[in-house]
Structure formats: structure tokens, C-alpha cells
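After this come two complexes, each holding chain A, first together with chain B and then together with chain C.
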Partner chain A sequence: MTEIYTPKSIQEAISFLAAHPDARPLAGGATLIAMRNAGLIEASHFVSLSEIGELQGIAKTGEGIRIGAMTRHRETAECDLLTGSLAVVRQAAGMIANRPVRNMGTMGGAVSNADPAADYLPALACVDAVVTLAGPDGQRDVPVRTFVQDWYETALDEGEIVIAITLPAPRNELSLYRKVARVTGDYATASCAIAMDGDTIRVAIGACGPGPIRDTEAEETLRGHLANPEAVTAFAGQLAALADPIDDVRGSAEYRLALIPRLIHAGLRQMKLAEVA
Partner chain B sequence: MTKKTLLTLTLNGEETDVATPMDATLLETLREDMGVLSVKRGCNQGVCGSCTVILDGEPVRSCLTLSARCKGHDLRTIEGYEADDIMASLKQHLTQSGGIQCGFCTSGVLLSAQTYLAENPHPTRDGVKSALSGNLCRCTGYRTIVDAVCDAAVEVAR
Partner chain C sequence: MQIEGEFNVTAPQALVWENIRDPEIMAGCIPGCESIEQIDATSFRSVVAIKVGPISARFNLVVEITEEIAPETIRSRTKGEEGTRASILTSQNVLRLADDGSGGTDVAYAVDVTMTGRLGKYGLGIIRKKADQLAGVFVENFRKRVVP
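And now, the complex of A and B:
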């Protein structure tokens, strides 16, 4: 039987995890409990992070917007602070699964799990978010673009947990999240997060490799050429060249590669319409 | 024997004590320790929606919620809506439309639909579909369920 430990502070959680190597931190449970139910994981303890006040909620800080790791998708999907360049994060939250799951799942849990087909990581990579980790040796910040290191492997070391995700202050830009999924609420077959400021864009592709795909040099090359469809197609090709998609039940690797330019073109069209309106 | 722990929670308006295994899910506690059999175990993976319950006013998956987390919280199952007009109308229209066949998904569907209509008294058909997207039904093909929710909305608004 798995014991449940419910610490009230980050420090208590870290100390407990350090002393119990077979314990696992538990965020919203939307994935971890499903895995436990399926017999895929065993743990001596679940360290439930649900009663740690420091991990809750979204707030403006000196550096931007800080989203506590235990913030549920629903709260993120409704957050008025996530505007302009950060709207992409709000939209991604609102496209995760369905309402009951959005009431349970958390950003910290989703980021830690690093499912390549999940929605937050591309949105967070697009806006250059930073993940704050806490562990026995203290706290450290990791840019989300280097947080995912391989399939389901992250920068988290033994005994560390994600405590917050910080987004740079919102800029007056358009941003959006698009995904292709078999049905509403499914994981992405492929997804795309875009932020646009006049003649420059930032784009991150999801579900086409272990982590979100971005190419800042290609973004720089595209500057000033957004209205040129061939330039956009060439840009999409540069992102596709960095992709490492898999064949699975949601689509073949070949299909995923074909979706990348379509997602980017469709996203840009949608933004132009939003600009006019 | 599995070690049990004592929890106090509010079930359908009544404060209730229950002895349940410490690592039980809310689904297990409801069905096995509280005898609430309207809450169904379908996939046990959070996908199918047949175990949906209302925790502090919000729909959640009871199969993914640890009971320990519900200590002192407010829980509602379909039995807690006996006096609810929206629920009464939903039940009537679901029965009439043929939106109930085997019935396994029904309590989850009703709880999702009730929550949605309580907040959206004048829904669109697409809105209803989206609100029910987390509840799988393998019998009806959904059309009769969506019909019933739309009809109930019209009746309640009248």
C-alpha cells in the first residue's frame, strides 16, 4: 500500500523526498494516479503537493508572471494576466483534455511529466518560459527550451520538484496555440505555438519529437518576410528538419511532418484575421 | 487486511465518516466503502467519464482523485440532485430521447450536463457537445444525448 504524505511547505516536501527514495511527488494526479491504476508505477509514498500554499496560483512579479506548479489547468485557462504574447499559454491550457481533467491537472505536473504530445511545453517554449526547480541543494532556474532532454527525460534531478513556471511579462503581440487532434481534448497529433510582433515571429512545434522544437536563427531569417508564403514554407521546413516524430495511434511520423507547415500557415492566417478584427 | 483510515467528508449535503484504505481513490471509497454504486468504474484511467463526481462544485474524475485529498471537502453524486430542476429535466429528456441504453455512462453524463446547464442556461449544440466531450458513450452515438440536453435547456429556461 502506498502511504500518503501531505506536506505544508516546499521544504517539508523536499526533505521527505530526500529521506524516502521510493516516494513520488503527486501533483493533480491526472497522469500519476492513472499510471498507478494501470499498475505501471509503484511508490512507497505519494507526497501530495496539494496543500502547499507556495505552489498555488498565478501572480505578477518583477520578472513577469509566475505560475505556481500546483495551478490547475482550469485556472490558467481563465487567467486574465495571460494576454498578448502570453495568450498562447492560456489557450493551450483550455485545450487540454476536458473540464474534469482541467480541474485536476496542474502545470507543474504536466511539465514534469513532459509528455511530448501534451499542450503546455510548446506554448511555454514559444514564450521563453523558465522552470524553477527545488531540491535538496536549493533552487535553480532552467529555461523551458532546455528542460526536456530526451523522451520523457527532463532536467529534474533525483529529489527535485518543479515549483513554478515564470513567463516574461506579456508584450502587446498576437499569439495563438493550434493543435491537430483526433477529437477535442485528445493529446496533439502535432501542435504549434506562435507569437507574432509585427514582422517577427516565434514558433514552437509540439508532438514532433521528445520536446518542443524551436529555431531562433530561422525565426531571425524570417524577420520581415512573413507575408511571403515561400519564406514561411522554407521556415517550416527548417523546423521539420529538427523534428524527430514517431508513428503512433495518433498519426504516422510522415503525417506529423506534413502537419508542421500546415499548422504554421494556418496559424499565421488566423492571426492576420485577428489583426483585421 | 488492508489498513484503513478514517475520513470525514460531506456527501450530498451530509457530513459522513468513512473508513477507507489510505491510498484508495475516491471511486473505490464511494463504491466499496460507502455503497454509492451510481459512480461507475469504466476505464479507471480518467478517460471515459463514467466515474465523474462533483468535488467542491466542480466535476472531477473520482478514479484519479485520492480520497485522502477529499478530507473535509464537499462531494456530490447524482443522488444529491433529487431536488434539482435542471437534473429532473435532464433525466426526463434523456429517458424520452433514447439517450439511455445500457446506462453505464448515464450518471457521469448527467453530472457533466447539469454543471454545464447551471452555468450556461442558453447553450448552443456545439457548446453541449464540448461540455460532454469528456463522457464516452458506446451505445447511443451521442445524438440522442445531445438532443436531450438541448431540450432540457429549453424547458428549464421556459
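And now, the complex of A and C:
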């Protein structure tokens, strides 16, 4: 039997988790409840974060845009604050699974679960988001690019929860999220978050390793050469060299590697069309 | 699922063989191995815990050595299950040792694993990555043990 505990504050949630080592935090439950029903996980308690006000909603702050961990995908997909360089996050939210899941799932839950084929992490890596964690020793910030440490392993320590994700203030850039999936709403076979700032791009690849793949040095090398398809292909090759894809029902490792340059070229084409329009 | 790999140990083949045949030493090197006991001349019982992200599992394994050619080849088969939440694991294993020509030993392993039950649902792609990582940890532990 798993009992549900519903704290009203972050502190209450953390104290409860510290006192019950077999308890697990429960965000939207879109993944966790399905995993429990499949017998994959066990917990003495689910600590539901649904009634903690501080974890809700999207707001402008001095540092940028703060997205509370319990913000549902639907809310993120419809958020007017996520424009320009941040549109990629809004688009990724809108491509997660289907309506029931987008009404249920949360950004904090998705980030904590760190599924390598899920949509948020590459988009957040592309915009250099920061994840705020809270635990028995207080709060700390972890850049999203170092948050995923291994397959389904994150910087979260025992008893810690994600409380917010902060995005830098939006800039007047083009950004977009593309994914290849077997059917609409499936996890990505491979995905690509891309933002263009004048003569340079930022690219994060998803579903091709434990966490999103970015190479800021390669991005710098490509500066000023975006119109040269060979330079873009060489850039894609540098990202592919950092990839460690798996073979699974969604595609072979070789297929995933082949998708990386295609996603980047297609993303750039889509941006050029958007620029003209 | 096939898991294969090879590694080198800077110790003579006879010493590597001796260590590989010692269940206590192997138990200390296998990541997650909680216990190992010899049932008879060719069978061992062992408990091994693994964790992949949010999923933890503890397998009760029986390893039976089916062929042994000292000091170069061991073939074995593993059967195991998780306590209450049924996943069943079986594997055929081959381990080969060879002198590397400069006083060390080349070790090659090949394991053919079948997993059914709750962990079978979980996508073998990730399990394979995890297996490769655990093999890396084993090699590190084993080298430290054999070459002090």
C-alpha cells in the first residue's frame, strides 16, 4: 500500500521526505503512477506536491522567467512570456504526449524523471536554464546542462526535490523545437532544440544519450558560417561524436545518429523561412 | 541481449585464473553483489542488487559452471529471479583468458541475457547501457584486487 501525503509547503514536503526514506515525491503523476501500476517502483508514501502554492505558475523575475516545478505542460505550452529565444520551450511543452498528459504532467516532474527521450531537457539546455533544488540542506541552483549525470540519474540528492526552473529573459531571436517520433505524441526517436542569434546558433540534441547534448565550442566555431551547408554538417558531426544513443523500439543507435544532421539542417531551413515571412 | 567486452590485466594468466575462480574475490568485485555462497563444486548462489534511475531490483541468482578448461575458459549459466516482483533472468556466459605476450592477461567475456517480467518491459536499450557501465566498474575493482 502506498499512502498519499499532501504537504502545504516546500519545508513540510522536505521534512516528510527526510523522515520517510521510502517515500517518493509525486508531481503530476503522468509517469510515476503509470510506473507504479506497472510494478516498476515501490514507495511507502507519495508526497504529493500539488497543494504547495510556491511551486505553481510562471512569472517574470529579475533573473528571467521562473517556472514553478508544478506548472503543467499545458500551461507552459500556452504561456505568452515564452517568446523569441524561449519559444523553443513553449513548443517542446506542446509536443509532449497528448492532451490528458499535458494537463497532468509538470515541468518539475519531467525534469526530475530525466527520461532521455522526453522533450523538455533539450529545450531547457538550448536556453541555458537553471534548475533550483530544495532539500534538507537548503536550496541550490544547478545549470540544466549538468543536471543529468547518467541514464535516469540527476543531480538530485536523496530527499531533494526540484522547485523551479529559471530561464534567462527572452531575447529577440528565432528558436524552435523539432522531433522525430514514430507517431505524434510518442517519445522522441531523436529531437533538436535550436535557437539562432544573428550569425550563430545554439543547438541541443535529445534522445541520443543520457542527457541533452550541446557543444558550445562547436557553436562558436560555426559562428558566421550558418549559410555554408558543409560547415553545418561538420557541426552536426561534432554533436554526433558526443552522442551515446541506445537501440530500442523507437530506432537503432545508427538511425538516431543519422537523424542528428537532418534535424539541424531542417531546423535551420525552417528558421530561414520564418525570417523571410 | 548480447553483452560482450574485453579488458587487460597486468598480472599473469595463472594468477588471474586463480582470482576468477575464487567466489569471495568475485563477490567483492561485482558491483551490487551482496552475497555469494558455494552450493557444490560447480554451483554458486548469489544476491545482486541493481538500480536504474528510480527502479531498484534485487536478484537471487544461481550460477552453474558448465565447462571449465583451466586456465583459459569458463562457460556458465545463470538463472535468477527477483523476490516478490517477478522478473526472470537467464544468461549463458563465456569467459576466456589469454596470455597477452608481455606478462599480462587478456580477458574476454560474452553474455547472452534474457530478461522477462517487469524489468523486461523497461527497455533493453537502457539495461544494456547499464550493463556496460557495471562491467566497467567490475574491471576496475578486479584490476585493483589482482594487481595491488
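Everything below uses one rule, namely that the second predicted complex is superposed on the first by the 277 of 277 C-alpha atoms of A that agree within 3 Å, B and C clash if a C-alpha of one lies under 4 Å from a C-alpha of the other, contacts with A are read in each partner's own complex, and residues count from 1 in each chain.
Please note the rule applied: a residue touches a chain if its C-beta (ideal position, glycine included) is under 8 Å from a C-beta of that chain, and two chains touch if they have at least 3 such contacts.
Everything numeric in this text was worked out from a predicted model, so none of it was measured.
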Combined model on chain A where chain B meets chain C, clash or fit: fit
Partner chain in contact with A:103 - chain B first, chain C second, else both or neither: first
First (chain B), second (chain C), both or neither touched by A:8: neither
Chain B or chain C, by number of chain A residues touched: B
Contacts of A:184 with chain B and chain C, given as first, second, both or neither: first
Three-chain overlay, vertex chain A: chain B-chain C angle, C-alpha, nearest 10 degrees: 100
Chain B versus chain C as contact partner of A:60, first or second or both or neither: neither
First, second, both or neither for A:171, with chain B first and chain C second: neither
First, second, both or neither for A:269, with chain B first and chain C second: neither
Touching partner for A:246 - first (chain B), second (chain C), both, neither: second
Which of chain B and chain C A:33 touches, first, second, both or neither: first
Shortest CA-CA distance in Å separating chain B from chain C in the superposed model: 12
Residues of chain A contacting chain B in one complex and chain C in the other: 38
Residues of chain A that touch chain B when the two form their complex: 1-4, 6, 26, 29-30, 33-34, 37-38, 46, 48, 50, 74, 97-101, 103-104, 183-185
Interfacial residue positions of chain A with respect to chain C in the complex: 24, 32, 35, 38-42, 113-114, 150-153, 210, 244, 246-249
Interface residues, chain B side, partner chain A - complex: 2-3, 21-23, 25, 44-46, 49, 52, 55, 58-61, 63-66, 68-69, 112, 115, 130-131, 133-134
Footprint of chain A on chain C - complex, ascending: 52-55, 85, 118-119, 121-126, 128-130, 133
